[in-house]
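Quick heads-up: structures coming right below.
In what comes next, chain A is part of two complexes: it sits with chain B in the first one and with chain C in the second one.
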Partner chain A sequence: MADVYESLVGIVGKNFVSNSKEERYFYARDPGLMPPHEPDYVVMPKTTEEVQQIVKLANRERVPIVPMGGGMALTGLVIPLKGGIVMDMKRMDKILEVNEKARYVVVEGGVPQGMLKEHLKKHHPDLRHSIPESPPITTIAANVVIHGQGRLTQQYGFNSDMVNGLEVVLPTGEICKIGSCAVSPYWFSKGPPMPDLSGLFLGWLGTTGIITKLGLKLYPRKKLKDMEIFVTDNGDLMPDIIYKITQLEVVEDLTPWTQPRPRMFEGNYHVSIFFTGDTEEELEFKRKMVWYGLKEYIDSKDGGFMMIPAELKATFMANPAKSMTNFADVRKGGGFEYSGPIIPTELYPSFVKKAEELAARYRVVQNCSGRVIQGGHCMMFSFAFTFNRADMDEMDRARKALHDAAEYALEKGGVLWKPTIFEQKMMIQRMDPNTLKLMKSIKRLLDPNGIMNPGNWEVN
Partner chain B sequence: MQQYVNHIHRCFRCGYCKFPTHYVEFNCPPYKRFRFDTYSTGGRLWLTRAWLNNEVEWSERLAEILYTCTMCKNCTEQCPMGFAPDIVDWIVGARNDMVEKGKIPPRVAHFFEAVHGYGNPLKLLRSDRAAWANGTKKYARGDDYLLYVGCLGSYDENGQKVARSLVDVLNAAGVSFGILGEDEECCGNEIYMLGEAGLFQVLAEKNINKFKELEAKKVVTLCPHAYNAMKNHYPALGGSFQVYHYTQLLADLIGKGKLKLSSSKAKVTYQDPCFLGRYNQVYEEPRRVLKSIPGIELVEMERSRKDSFCCGGGGGNFVMDLLAGSEESPSRVRVREAHATGADTLAVACPSCLTMLTDAAKSEDLQGKLAVKDIAQIVKESLASEM
Partner chain C sequence: MLELKFDKKKCADCKAVSCLVKCQYIDLNKTEAKKEWQKVINGEDSFVLDACTTCYACEEYCPFGNHPFYLIVERQEEKNVLAAPRALIKQWVNMCAPSGKFMLGDVKEKTASLCFMPRLGSLAQGKLFEDVATSWILGAEFFCNAVYLHFSRMSVIKERLPKIIDNISKQGIKELICLHDECYATYNSLAPAYGIDVPFKTIHYMEHLYQKLKENKAKIKPLNVKAAYQRNCSTRLVPQIDHFVDDIFGLIGVTRLDREYDRENALCCGALIWASKGYDAGHDVQQRNIDDMEKHGAEYCVFNCPACWDPLAEKVANRGIKPIHMIDLCKLAMGEEQALKLPEMPLEV
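Moving on to the complex of A and B:
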């Protein structure tokens, strides 16, 4: 194994390889609740060719590789369950091309969300991408690999739906182009009109290859933006409220939420409604559309629009949502994790009740939020529980609450998003056998030596 | 200080601390330089906790990770958590523990030895502390200001030039002031930041006693590091003086018309020193001084004021240089950013920044394209025709 270290140094240089205890300790864990496991090495490549050489080395030596972006999935997806190499991708941080007319960007596999946001704001102010609520250090590639969502998901689908092409280093070391870029200098499609091979990588949690470049769709950045919060104390109305808003086709983002603190929010169901426009008239038109769309609930006194203080509004409008991180410090303890099943919107009220029940049962603080996906075809629901990292008992209770939440979500028809290895196993147990067989075949074909993020999507 | 032990687990390692307010670039100097997450604030705090919990043994690398922090306070500025104002204290607390246990990197130990033995981190003779002064008057009771020059102003070649320039400018303005000369002690700011609380107290008390003995009421510092120590840490040790950074005094003098500045055509960008800006919110006075010089066009770097990128010299690194050796070293990154503004001059207000950025400009082959000058030097040059 000493040879592996020397070989890695030979590939990326000694400054970007570590087998020191300090890096092994840190990269063994994420901020969530999954148990740690140390890598043998941490390596930070700068180029696709370096990634390729590392993958070839790992194949020769049968050493696992775990590609890592910001490491903020919270569900342990970059914990190297079988040791080996953690490949921190964040040195691959070049924004390679923006095609304004075709509205796409091509970035390297370690570009952080925050940096793309600023790059577009500065150089292409009419364009934007779908920014998730996670911290700005999280990377675009990692986000699409877990089917992340963002501010434009209500309009355009999962962020992975916005991928326009990939360059991937396959587990056997070949560099492979996916989408239009395989036959053209343009990155305008991840598949059509050819077979869409991006599905071999998106959602696979880094078990089928390492994304070294990706094309991502960009969208118009409207000059103005605003938001409203609609509130009701009757949670059963929420699916209809979401349906009525999405039916209007005028809102940018739609995020239902409940939370027990501060008291003003307790017992109420909220939905944050974001909309944009190029003129005040357009904004006002959309605002009125939303008001008229929900008028019946106001008339029946079942709900109404909340007065939002300017400071609170700025907090809600921030993207990424810096304030979300504060949930980790509610217990003055530096931790939270959420189980985020994708569910039909009709299940939202029952999931909120379940979250409240679990919080009471396990004596943990919860926060429920969701994001409507592509016009309401489904939504992400977050069972979030905060914990004190210095309180082992509370961490254990939060872990149990998350486990029960995942069980409940699957039982009710949800599908777990960015699942922990335990949650992956729960899904595999319920999965259609032929689906499982297909996944197994694909995995074996692409990764014959089983070196890519082993332990995840382990379908054997 | 040791309260940090009960709070350090609260870091979520979300990484906001790696960036400025806008996410244009990494703004944590050691993270930018080394790129392992361990070198970010989150890494530092998680590893310190692991060390306290005996999950990670002390190693030279662990200590180096802790000591590569330049104490620039970007993390405090950006961290979304309620404990953000305490992060610097946590880092200092962890360093206190390492010092007490004798577990510090050799370069830090050498820094302490130098200050302890010579009264300055450069290991130069105490008797030479005023060699730069060229007859500058010593402070006497009744003078308006005591000019505290500091170690770099006294010994470093670049710093000495700044000190001489400032003396000339103050004389031109008719300011009543004097220096301590050989009687000056190291301010201790870096010693405090490096975790040697005992030595800091000794140094601070020596300075405080000297100031009191001379009945000095107003102290003006050449260096933002001394300004920070005297303004924020000396009062707890009984040393409450009116403390000014020299740019504040110059802004006041210019405002009162006591300095006549001639035209000095230059396109200038300004480096906010961490201990002037983020630590003490002195952002406007240095800019006011620059803008008051006819012919100077002031342009801002992409990262400025509270988002300024540290030169890499803080926390004793202007001597220890733990972040050197790479084109990603903070000072080299920063001179490239300054050059990208189209400026021909990078103005600083700190002798540490001056040395770090001057050296970086050489490494980046920017000599002749980007002059690095202290504001005192720029003001002095604009007085040149009248002197």
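Moving on to the complex of A and C:
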């Protein structure tokens, strides 16, 4: 194994390889509840060619590789379950191109969300991307690989739907272009009009290749934004409320939520409604549409718009929202994890009840939130539980609550998002046999030596 | 059980029925008003209960101090006519429930009440508050609870208010400076209307300001500005305080604009009208009010109640009128900084 270390040093230089105990400890875990497992090496490549050489080395030595972005998925997706190499992509942080007229950007595989946000703000103030509610250090490539969502998901779909092309180092070491960039200098499409091969990589959690470049769609940045929060005490109305709002086609982002603390939120169902405009008139028109759209609930007293103090509004409007970090410390000790199944919006009320039931059963503090996806075709529902990291018993109870939440979500027709390895197994067990067979064939074809993020999507 | 001091005979003898005839949100002549009001008195169904915007103004319109608004709230609750959506009522009842998490300054016999609004603490600083700035109480345990007049929940007030008064008394407070107009109104209108004893003296913050400004007259730099005064709902419960606005403005060189929607004809901030009646009604009230401010050349919109600030401050600022709380206005005249400002919104989208 000393040869592997020396070989890695030969590829990236000694400052960017480590097998020290301290580094291995750090890269063995994420902030969630999955048990840690140490890698043998951590490596930080700078170029696609370095990535390629490392992958070839790993193939030769049959050493696992786990590509890592910000490491903030919380579900253990970059914990090296079988040791090997953690490939930290953060040095590949170049923003390579912004095509303003075609509204896309090409970035390297380690570019963080915060960097792109600031770059666009400074150099292309009329454009923006869909920023997820995660720390700015999380990377764009990792986010699309897990089918993440962001502030523009209600309008345009999963963040992975916004991918406009990929450059991937395959598990066997070839560099492969996906999308229009395979035949053109332009990155305007991830597939159409050709076969869309991006599905071989998006959603595979780093088990089929390493993204070294990606094209991402950008969208108009409006000059003004505002929000309203609609509240009802009748959860059964939530699907209709969401339907009515999405039917208006004026809302940028739509996030339903319930939480028992602080007490002002107890027992009610909320939906945060974000809208934007280039002028006060446009903004006011959209507000009016939203209020008109939900007027029947105000008249029947079944729901109403919350009065939002200015300070609270600023908290809600922040993007990414920082308020979840407060929730993570409700129990002190800074622990927080969520199971986030993708579900039809009609299931929202029953999922909230389930979250409350699980919190009571396992004596943990819960918070339910969600994000409506692309006009209401579905939504992400977050069963979130907070815990004290110094309290092993509480962590175990949170773990059990999350497990039950995942079981429930699958039973009711949901599909688990960024699943832990245990949740992946739950889905594999329920999966259509021919789908599973196809996944096996793809995995075997792309990764014949099984070196890519082993333990995840273990369809074989 | 606490009962409202309401005298049917006063209403029977009343010819003007000002409570409803003067109402800015219900259009009735005297005959119709008499008939509808009798229904309210009798506990019968009346559209008035549903149409009421809870602006509190009828308390001021009634020449007999017979508490028509409190009766409306009682009747709304009895007949389950909700003045706001259920979820908002639940939210407010939960939000202000005492939970043992109050905060105390260095409480002395003369103390300022920050009510349940921490921002009042940042307002009450500087020369004008130097004798009481460290002596304060804050929290749901000291919250006057008058807000439930907006939510058809007189029962909550009746349940909590005696305990609140007791909580304040137990701090050994003899004189309470009410930084929130609504607190003063509660102890000087609501409490007596229900026969609740208030065993401490209450001082409206404007009276305090006026006294302090007089003491510091030499230090005042007249502002020489024109201001629209935004009356809030609870001023309707204690209209006897309104002269302090004129008195203070006179001392600091501010002209109170003689506009359509001030004094008895004032329009409320609209927050509850938005919540209970929807966009058109809420928007209309605010637009008329701000248009009126603009038409009369207001440079400042002066707020008495911080709760009016949230629905209105940004909107008046968008018209080029500076929103400011009365305390801050006085501080400006003393050469001090404005504390309550619109927050910087994250405009990046």
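The rule we apply is simple: the second predicted complex is superposed on the first by the 460 of 460 C-alpha atoms of A that agree within 3 Å, B and C clash if a C-alpha of one lies under 4 Å from a C-alpha of the other, contacts with A are read in each partner's own complex, and residues count from 1 in each chain.
Note that in this section contacts are C-beta pairs under 8 Å (C-beta built on N, C-alpha and C of every residue); 3 or more make two chains touch, one makes a residue touch a chain.
Just so it is clear, the model here is predicted, and its values are computed rather than measured.
When both complexes are superposed on chain A, chain B and chain C sit side by side without a clash. After superposition on chain A, the vertex angle at the CA centre of chain A, spanning the CA centres of chain B and chain C, is 70 degrees to the nearest 10.
Looking at the shared chain after the overlay, A:A360 reaches neither chain B nor chain C.
Residue contacts after overlaying the shared chain place A:K21 against chain B, while chain C stays out of touching range.
By the touch criterion defined above, A:M392 lies against neither chain B nor chain C after alignment on the C-alpha atoms of chain A.
Legend: residue contacts after superposition of the two complexes on their common chain; A:L438 is shown touching neither chain B nor chain C. Judged by the touch definition given at the top, the superposed model places A:R263 against chain C, while chain B stays out of reach.
In the superposed model, A:G335 lies in contact with chain B only, and not with chain C. The superposed arrangement places chain B and chain C with a least CA-CA distance of 11 Å. On chain A, the surface touched by chain B in one complex and the surface touched by chain C in the other have residues 117, 121 in common.
Residue ranges on chain A touching chain C, taken from their complex, read 117, 121, 128, 221-225, 231-233, 252, 262-269, 276, 280, 287-288, 291-292, 295, 297-299, 301-311, 313-314, 317-319. Contact residues of chain B toward chain A in the complex are 7, 9-16, 18-19, 22-25, 34-38, 43, 46-47, 50, 55-57, 59, 61-62, 65, 80-83, 326.
Across the complex, chain B is touched by residues 15-16, 18, 20-23, 25-27, 31, 42, 44, 70-72, 88, 90-91, 112-115, 117-118, 121-122, 135-137, 322-323, 325-326, 328-329, 332-336, 388-390 of chain A. Those residues of chain C whose C-beta lies close enough to touch chain A in the complex are 82, 84-88, 90-92, 94-95, 97, 99, 271, 274-279, 283, 309-311, 313-314, 318, 342-349.
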